[in-house]
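Next up, some structures in structure tokens.
Presented sequentially are two complexes of chain A, the first with chain B as partner and the second with chain C.
Coming up: the complex of A and B.
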């Protein structure tokens, strides 16, 4: 039983990071119909921004700030202006292909300009354990869980309790009506890209001490975020959160209690079941579109 | 300078120009290595050791008056790509092929090289490589059938363990190691209480560590590649594993120690090759390597370096470039540092292409590998 709770905490921590990535994924989709297949690479890259800043002499906390700012500017602002805006008018498919091309460019770029080898990445806190009723819980897992949860809660408050957030939600739900109501839709869309830039940077800071900073990290993370978004519901932020958590916990529990070799298959089985029986996702809403 | 040369070589290889353009004054010895993907640490170390040897040999006039021309092709740590690269270089009629390091790639490639009667000097350690009757494949480090008995003796006599948990990577290297290790444990009546496989490139080891903790063995034997080893060690430290962590060469490598950031402290095991060996020639090589590449090389750097010197010694002994004769000559040959200082330590090749050398028992102390015992060549200990 102690093992089960340890796995649960560890899975929740990983799942919370997946949730962060998936939330950014769904936000960008909802406001701009951009399916960003470079989302995994977006999480991989800020770790290298941070390591580069540390190599230049910045302390870890300052390097993290620099990483977040660079991520917001490059993966938020520039991504929107250079890739999304010019391609969006040609439809979803060319944009999807563009983000696939971008993911390859970012991956190979990180390899060529930094290193093909994994790099150690500092943890936010030292490796300390807590012993509670025979259960060993690491401080690192708790901090990851807390940081990811705090970020998601802050985002939820922003989206539901502020005028800005409600404007962003209105833009996501019906851009035409939002425009009639006087909302600056283009600005709201831009904000979601900037938020995504910040979310992937935070996810990168949390996941890189576990994964090590490596140019291939985006492959796993991008797929996890995509699956989490579909399982939870592509058009709901809370769906992405639920999907991320399910994936993280399922991965750990299935590897421990069913089969380590087939751990990669279980999320796909869940995905198939969800598509068959609840295609809008666990918390998603059914959308009707005219064609 | 080195990087520019390397890029030029890779480009030349890609265009298929290397051998024909340079054939008159050079000997074509291509290398197929893991420069990206999960094997990048191994492949990069192997490559840099090899480049250092080539630079030294070429600076002294090359082999029999011919400079070594070594384009380096990336397998991306993928056996299929490795085979395609081997096919590409075979079309240019190489003298000898160096690499790959990953056993899975070696197992796929070596038949193709043998069909064309081209010797292949490889970094792979899977036992199966030299058990298929291939007369053209040669190792640069111990096969698992040589290293596992040594680690098994250490677990029985040094750690005095009665039970052991085994964590291995699910590729050809890991499966070969696991099968050989299990046999050696059975011979010594040591019970394996947890037999856990992990995936190549696996990032999250929390479930594996929980299972290992639950098994509560006297010792834990870890047989993973470099990056996975570091991720496992960090997770093991995070979850407070107390049992001794035992490894075979990789787990005690400097790259793993650096990546694990303190989590490798206290790890023990058998080391086939190491720059920390109490051998002056190895230490001098390690200094030259560090000066040139600005990092501490692991055992793969020694493999790459000595591979080139094996080729040099055998070729000069034959007095000509003859691939088939090279393979025949190297079987059963002992090369001493007195005859060829570049081999660093005395090495004997048997009729299967396996190599025998001295080896070491080591421990990670203060972020460094410390050698605590030198083990004799298996041939001497029989």
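Coming up: the complex of A and C.
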């Protein structure tokens, strides 16, 4: 039982990170119909920004700040203006190809310009363990869980309680109507890209101490983000959070109790079941089809 | 234009037959790879370009085909039978996958097929008793057909080229039949097609299964070509690459996959002059291409041709607008 709780806590911690990535993915999808196949690489990259800043002599906290700012500018602003905007009018498919090419570009870029070796990444907290009622919980899991939860809560407050956030939601739900109501739709779309840039940077800071900073990290993380977004509901931020947590916990528990070799398979099976029986996702709304 | 098109196709065909006599083994390997992957891309074009369904599982079907041949040849099954078995198996698997998956469409289908591709990869990697796990299968023999040994690269290239031409011709014939035209109707307007009495679901399923089967046949040639198959070759990367070939060549154009596969096989090799950065340059070129001609290379040719002929502006956003009749 004790090991069950340990697995649960570490699963929740990874799940919270997946949730961050999936929320950004969902936001961008909702407002601009961009299925970002490079989302995993977006999480891989900020860790290298931070390492580069630290190599240049910046202390860790400053490097993190620089990493987040660079990520917002490059993966948010530039991504939108250079890649997404020129292609939006062509529909979903060419943009999908373009983001697939972008993921290759970023992956090779990190490999060629930084290193092909996994880089150690400084941890936010020292490696200490707590013993509570016979359960061993690492401080790192708790900090990751707390930081990710705080980020998600802050985002949720922004989206639901502020005028800005509600405008963004309106844009996501019905851009035409939002425009009629006087919302600057283009600016709202831009904000979601910037938020995505910040979210992936935070996720990168949280996950890189665990996975090490490696140019191939994006492959698994990107798929985790898709899975979480779809399981939870493609058109709901809450859904992406739920999906991420389910995925993290399930991944840990199934690896321990069912089959470590097929740990990658369980989320996929859940995905297929969800898509077949509840294609709008666990928390999603049904979108009417138009002729 | 169509006469010009015919001239280009004939010139390309002559080129494809004469060129290999002047190539070194690596060049022959590359153009054989082109022929093999073109078959898989034709299959994906059927699913994507004609029936309008985004599949990210074509790489898995190539894998299933490759492993079928890789496993059947060593136990003494003749190549032609193994080849057909690979196609049939993929047809059946495609049908079984498509039956539930085509309830959902568009990006959802993309994700179901993506999940399927990863599942196939896991099975190939984990079931070591059958597939050899990460060590893969080594040394799949090249077949001898009616006394013609295809062991040499040049001979094997002609086998691949021949298979490609036969399969492409079969696809061409199918698309010209009333039955194939229904595929186009599905893409253009599924609800209209339904209202005209087409059983859209069955046709979509057929397109998906036939497309998958072509993936399997491509894999059946892939195994003896590379002579080393392992799970990573058929992971998502392969599916992305095939998708890229179809879109870059021009989705929905019959000759799109030929051109797209040529770009995807040769461009990274030519980019080797940029040394370590060649994959980055390749990726950047794809992004630029998508931004300027999202309907693929043939879409660009089409647009330019139309503009030259009519002397007026082509449609502003020729966009992703594959032609409704095959060229």
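Operating definition for what follows: the second predicted complex is superposed on the first by the 289 of 291 C-alpha atoms of A that agree within 3 Å, B and C clash if a C-alpha of one lies under 4 Å from a C-alpha of the other, contacts with A are read in each partner's own complex, and residues count from 1 in each chain.
Definition applied: a contact is a pair of C-beta atoms (placed from the backbone, for glycine too) under 8 Å apart; a residue touches a chain by one contact, two chains touch by 3 or more.
In this text the structure is predicted, and so the values were computed from the model without any measurement.
> Is this a clash or a fit when chain B and chain C both end up on chain A?
After superposition on chain A, chain B vs chain C: fit, no clash.
> Figure out whether A:92 sits in contact with chain B (first) or chain C (second), or with both, or with neither.
second
> Just checking: does A:14 make contact with chain B only, chain C only, both, or neither of them? Give me first, second, both or neither.
First partner only.
> Answer with first, second, both or neither: which of chain B and chain C does A:256 touch in the superposed model?
First partner only, chain B.
> Which partner chains sit in contact with A:101 here, chain B, chain C, both or neither? Use first/second/both/neither.
Only chain C is touched by A:101; chain B is not.
> Tell me which partner A:282 touches in the superposition: chain B (first), chain C (second), both or neither.
Neither partner.
> With the two structures laid over each other on chain A, which partner does A:264 touch: chain B (first), chain C (second), both, or neither?
both
> Which angle, to the nearest 10 degrees, do you get at the Cα centre of chain A between the Cα centres of chain B and chain C?
70
> May I ask you to decide whether A:112 touches chain B, chain C, both, or neither, giving the answer as first, second, both or neither?
Once the two structures are laid over each other on A, A:112 reaches chain C alone.
> May I ask you to decide whether A:216 touches chain B, chain C, both, or neither, giving the answer as first, second, both or neither?
first
> With the two complexes superposed on chain A, say which partner A:142 touches: chain B (first), chain C (second), both, or neither.
Neither partner.
> Across all Cα pairs of chain B and chain C, what is the smallest distance in the superposition, given in whole Å?
Shortest inter-chain C-alpha distance (chain B to chain C): 5 Å.
> Under the contact rule defined above, give the chain A residues that sit at the interface with chain B and also at the interface with chain C.
261, 264
> Mind pulling up the chain C residues that touch chain A in the complex?
So the residues of chain C touching chain A come out as 54, 100-101, 103-104, 106-108, 110-112, 114-116, 118-119, 122, 126, 191, 236, 240, 243-244, 247-248, 251, 276-277, 279-280, 282-284, 286-287, 290-291, 294, 317, 319-320.
> Please give the residue numbers of chain A that touch chain C in the complex, ascending.
For this pair, the touching residues of chain A are 35, 83, 86-87, 89-98, 100-102, 104-105, 108-109, 112, 219, 223, 226-227, 230, 234, 261-262, 264-265, 268-269, 271-272, 275-276, 279, 291.
> Under the stated contact criterion, what part of chain A meets chain B in this complex?
Residue list for chain A touching chain B: 3, 6-7, 10-11, 14, 111, 116-120, 122, 127, 129, 136, 138, 140-141, 209-212, 214-217, 220, 251-253, 255-256, 260-261, 263-264.
> Where on chain B is chain A touching in the complex?
Touch residues, chain B against chain A: 35-37, 40-41, 44, 170, 196-199, 201, 203-204, 206-208, 210-211, 213-214, 227, 230-231, 234-235, 237-240, 255, 258-263.
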